[in-house]
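I have a structure I would like to understand better, so I am pasting it below and will then ask my questions one at a time.
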Amino acid sequence: MYRIGEKPYPTKIMHDKLYELIIRGERLDGRGPYQYRPLELKTSIIEKADGSAMVNLGGTKIIAGVKTALGQPYPDTPDQANIVVNAELLPLASSFFEPGPPDEKAIELARVVDRCIRESKMLELDKLVYIPGRSVLVIYIDVYVLDYDGNYFDPSVLASVAALATAKIPLYEVKNGDVVMNPDIRTSLPIRKFPVSVTIGLLGDKILVDPTSLEESAIDTSIVIGWSDEDEMAAIQKNLQGFVQMSVMEEIIRVSREKSIELRTKLMEAIGRVGAPL
Amino acid sequence: MLEKVEHRLITEDGRRIDGRALDEMRPVRIEAGVLDRSDGSAYIEMGKTKIYAAVYGPKEAHPRHLAQPHKAILNCRYHMAAFSVEGRKAPGMTRREIELSKVIREALESIVILEEFPRSAIDIFIEVIQADAGTRTAGLTAASLALADAGIPILDLCAGIAVGKVEGRIVLDPSEEEDKKGEADMPVAMAPRLGSIVLLQLNGRMTSSEFMEALNLAKKGIGVLYELQRKALGKKFTTFTPIGEE
Amino acid sequence: MYRIGEKPYPTKIMHDKLYELIIRGERLDGRGPYQYRPLELKTSIIEKADGSAMVNLGGTKIIAGVKTALGQPYPDTPDQANIVVNAELLPLASSFFEPGPPDEKAIELARVVDRCIRESKMLELDKLVYIPGRSVLVIYIDVYVLDYDGNYFDPSVLASVAALATAKIPLYEVKNGDVVMNPDIRTSLPIRKFPVSVTIGLLGDKILVDPTSLEESAIDTSIVIGWSDEDEMAAIQKNLQGFVQMSVMEEIIRVSREKSIELRTKLMEAIGRVGAPL
Amino acid sequence: MLEKVEHRLITEDGRRIDGRALDEMRPVRIEAGVLDRSDGSAYIEMGKTKIYAAVYGPKEAHPRHLAQPHKAILNCRYHMAAFSVEGRKAPGMTRREIELSKVIREALESIVILEEFPRSAIDIFIEVIQADAGTRTAGLTAASLALADAGIPILDLCAGIAVGKVEGRIVLDPSEEEDKKGEADMPVAMAPRLGSIVLLQLNGRMTSSEFMEALNLAKKGIGVLYELQRKALGKKFTTFTPIGEE
Amino acid sequence: MYRIGEKPYPTKIMHDKLYELIIRGERLDGRGPYQYRPLELKTSIIEKADGSAMVNLGGTKIIAGVKTALGQPYPDTPDQANIVVNAELLPLASSFFEPGPPDEKAIELARVVDRCIRESKMLELDKLVYIPGRSVLVIYIDVYVLDYDGNYFDPSVLASVAALATAKIPLYEVKNGDVVMNPDIRTSLPIRKFPVSVTIGLLGDKILVDPTSLEESAIDTSIVIGWSDEDEMAAIQKNLQGFVQMSVMEEIIRVSREKSIELRTKLMEAIGRVGAPL
Amino acid sequence: MLEKVEHRLITEDGRRIDGRALDEMRPVRIEAGVLDRSDGSAYIEMGKTKIYAAVYGPKEAHPRHLAQPHKAILNCRYHMAAFSVEGRKAPGMTRREIELSKVIREALESIVILEEFPRSAIDIFIEVIQADAGTRTAGLTAASLALADAGIPILDLCAGIAVGKVEGRIVLDPSEEEDKKGEADMPVAMAPRLGSIVLLQLNGRMTSSEFMEALNLAKKGIGVLYELQRKALGKKFTTFTPIGEE
């Protein structure tokens, strides 16, 4: 699988070293191939946001905040609330990130987070419509990468979903044709699913879950799979150059499904939804 | 006050509303060498989707600090004409166009032998003049052909097509209506001779087994496009052979 | 006329060579001084646009599309429809064009196309007003240069005019003070004139019509003249550095008028308006 | 409900509403050397149109890759102050300002002997502080003077003025009202000693013969401006002579 | 106070030279430490603006224009007119200024001018509200630096205040719930205060007022102080790198107050308000 | 129709509405070394204001033409997260953020010994994740700590705090409500050991004597922050000493 000369020399050495390890089921940081780094998830850390969460996944630190406002629906979805996802790879987080407007990596991250939330039907968007075609809830999700040691997809989805799941939004009511905010009551967002994503790196036909940034620089390619629940995927994004062999696809799906269940369990614990019926 | 009647996208005898079978793609037209100024170019039509692709390079990378000592850099711009869609797309690159430029570039980086041209750049421009579903995969198919037309060494041609899930059924090459109303849309691109996936995205819900069915259906469609690419190229370079194939 | 040292050396050689040819009435590609390259014009190629046209003029390929929408008139023209022209020199078309927002050349092209259409009074803009001061038709004309071998002005005007002349726009009606689209009927734009432009290159006092990109790099200067009809100009744009001798202006006007009649005849044929009274 | 009464822009005895004759320009004031920091500068007033121009250079071109091995590059920015027009112009360059910067630069490139300064750059800045018709030609007139004031070798000064067609008559130096309500506006700039046109645009309809009449009228006005330029310059460099003129 | 090596060599020499002079109470251009350069102020120079002024302070030339329009108030100030200040360091004015959108220096200048006007309560903004929460006057102040020889703050404030103080704005009236302009009457802005700013350069613990651009390149740091009137400051901005010793702050305030009185007197003369009761 | 009742911000016994004394700052938390990738970092909380700062460098300055032959250049970006404020701040740098980046950078340039690293660059990033008054001074305090954490030689740490005038009284570390409704807000930062002010701004009205009172109160608060900075640093480098201090 390895193509000579494709990577600059030091990367080639790292690639070979990682490959040698992985065929023995090992990784540089001592993890097994399918093992996530330690995960910490804290919610409600930004009092001025409707919802917020910070996730530490190994050395990757991500914060997500949710704000809501009244707005007009998009013309093609007059009876649905709007979701707007913005992600920024802060220059604080890595010497590889530059200040400035979101680049293609940040835009891809935002759009993958958006897809996991939107396509999983996580939110009951039709319940957040106040006057169809005219007034709906606009849900802003802002994701910032604060410290970056590989795999920003999975903790960004976790932080966004946790922020949404714990958000307390104003209660809006229609009075005499106007939408007014009830200042006394805050309410939860109507939630159906708890999507999570699993990022898988490939070294030839070998799988390694949750790559660090060192691993990312040396692997052949990578694929992110978003799961709505135990049985359905909602989003996929192959996201580096390189090949995925047709022959490993089934294994990728199988592993990602298994890990998604594990991540969702941790998510539910962190947001206090353990055992809660959905 | 009228009740919403759900449009039936698939008839009882397994036909789609445009008359196609579930595993049938739209009419395709692929041509190479359609633009004179570029080093390589191609044109593709899939149904009403119409796309030009052009390649410039290898040429000196600039600004200089972007040049890579061991290989060429590949730039890719997927862009839609303002009139290519319903309504009018505002000029300038949308976030969607920026994301698609990235995934298409990454797909093409997999097949181009970049190490042959250290310190240089290869530019790929994809211009969608009409968008009617499947533009990223059709654009990639045209771009891959334009690279070959430019004589740039590649491991293989690659071609792409979307598969969808519509009213519970897996369909090949979804139309715009199927894409919008269906449950899932999954663009796939492969380098067929290498048995490798170079682009893969999913928007929408699928189970594991549906996914595998969809992936295999995509593979079938890609095989057809691959033959059309080789024919289009054959008209220009009758001797073209992907590297390593004898 | 020729100024030593003005052009880099290879350009100087080309300039001299072209000048030697033109004084014998010849050009590099075998054309006469006043001869256009072969012209092809196809309309209605983009089903999603209200009108569209593709023009091949020698090795220059241009596509124009027309879209319409309802909008507010400009404050200073409350009783006229709006025209918005955008042009892009796609990087696909030439190694001299860069990706990015329209540069000064693209903006100039858009504004010259706009001037030819607007100043010729081609469209009866007052007939596309639904509620004066509040609701008028907005006509977007988007021009893309797909392949560039010199002279993007003339085929851009041709493609734009052909797209407008063959456009089928929705019928709007005012009902109870609202403007509503009649979904069943599409109608033509009200057209008065068929403007065309003629681009003329100058080598000293010698004229050469429709320069190629090779010729453009070596000529002294260039001038674009838009004609509303056989007798009236609507727009002029001198558009490269360099001098136009006062003494050749009359000949430039005479030749451009003659060529404009020839181009308009081809345009009318292509859009099926031969013999149609205006 | 009132009937629109057409404003008569030209009276029966051939006078314009501001009292000028058809071939009469507005009061002009031209000064050189008005800004200290720049290498050369000028100020022009034509009626209420008020414009500063400044020149910096020749200096090192940067970024370096823009430098030309055989000549200087010339940059030009025509810009209007936010308060210079009716209403308020938003800050930032409009498409109109970008186009005018280009045509003015091309006009000036014709007269500057760029070959004297290989690898360098000359920057020209034109700042319209009040716009009341004829700003591009007045701006060019000031910029040409600023170039001479900077001691940059030029083949000739150039000057510009607009001519218009108003109620069927060709008029010199149209006012803003004539420009808006008239049939045509034609900015012209020439290098008078060389008998050459360096800028020419037309907005509006004219026949061939009207065009030639307008062009000749412009030439007359340009002659007047040229003398004012030379006088303004004379105050600073009494020995200034365009190259080749003895 | 002077730190070795901090400035490039020629700047260090200049710094030392200026310091030697200033301890003797002298400056390069012959001024005393607390002396302003010659000041000229002309108003109403732009007929198309509601108000305008040009200020020459030595070799620094600044123009400010005021335009007004109807607009919506900001949500947090529904009963106040809006002030919008924009400043541009035109490339015309100095080889140190680049064309392009306002950079950090221009933005700082605009915000300091804004602060002097806003925080001094110069304008009675509550008197320019036509329909609270919906329709107020928007006052645009555009400042352009045309020629730059140091200290753009003080003449920018002077030009802006003079333009506001002499502005003639349309009279707006509320009729049947709509705000309409009375075309016959123009009126003045309601003015309470005449703020001025004083820029002070520091060479160690030595003060020099109104630094030239040569001085600016060599001084240790600089501080701008805006005074609402004789007794109250409204704005301060330390605006270069470098230290201000705590021990000189009182002297800075004292000198700036004294100079502000002098500047305000000149301002009042120039705008014809001498002796006018406020 | 209700009469507006003025909120009393200071009670009769000289307490503020959040219970603090006039010269009392909000609870503060300062930590160093909180982000792994950067060369130095810090975190600060002052009440609900929460800010990260990180330092990268010294490293090669690029683009190259920005490099200074005699010293390092210092870049600083003060940025607020979209969710950090009431409402939602639009992504992208506002004019306010650009100004604050400048004044914070200038403050830090005063303390960093830039001459030690000719031709290089030091980047400072300040990310406000919650803004509840005093962000520029808290951000500067964190950035100064991050510089020390990165081992970059500095003349002294610097720390900042705002002082305000509220209902005629000078208060330390105003809350957001005091900032909005009060008469003046004055951010101050000092390098305490050097007795020098590195940042000073005033928004709002103060007399000379109020100003001096406010400045002295700021100095007091800064002293407290300075000790907290040194403690935070001590946990990492117990031997840290500002240059020249023995």
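Chains: A, B, C, D, E and F, in written order; residue numbering restarts at 1 for each.
Basically, a contact is a pair of C-beta atoms (placed from the backbone, for glycine too) under 8 Å apart; a residue touches a chain by one contact, two chains touch by 3 or more.
Note that the coordinates shown come from a computational prediction; the quantities given were computed from them, not determined experimentally.
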Seminar exercise, completed: By C-beta contact count, E-F versus B-C, the higher one is E-F
Problem set entry | Chain of greatest Cα-centre distance to subunit F | C
Seminar exercise, completed: Looking at Cα centroids only, farthest away from subunit B lies chain E
For this session: Averaged over CA atoms, how far is the centre of subunit A from the centre of subunit E? Could you give it in whole Å?
Result: 49
Problem set entry | Distance between chain centroids, defined by C-alpha means - subunit A, subunit F (Å) | 33
Seminar exercise, completed: Separation of the C-alpha centres, subunit A versus subunit B, in whole Å, is 26
Problem set entry | Junction residues of subunit E - those touching two or more other chains | none
Seminar exercise, completed: subunit D residues touching 2+ other chains are none
For this session: Going by the contact rule at the top, pick out the subunit A residues touching subunit B in the complex.
Result: 5-6, 8-9, 104-105, 107-108, 110-111, 115, 119-121, 221, 223, 228, 231-247, 249-250, 253-254, 257
Seminar exercise, completed: The answer for subunit F against subunit E in the complex is residues 68-71, 95-96, 98-99, 101-103, 105-107, 109-110, 114-115, 184, 186, 190-191, 194-208, 211-212, 215, 219
For this session: In the complex, go through subunit F and note every residue touching subunit A.
Result: 35-38, 41, 48, 50, 52-54, 56, 59, 77, 79, 81-88, 91-92, 123, 125, 127, 129-132
Exercise. Which residues of subunit C touch subunit B in the complex?
Worked result: 45-49, 52, 59, 61, 63, 65-67, 69, 86, 88, 90-95, 99, 101-102, 140, 142, 144, 146-149
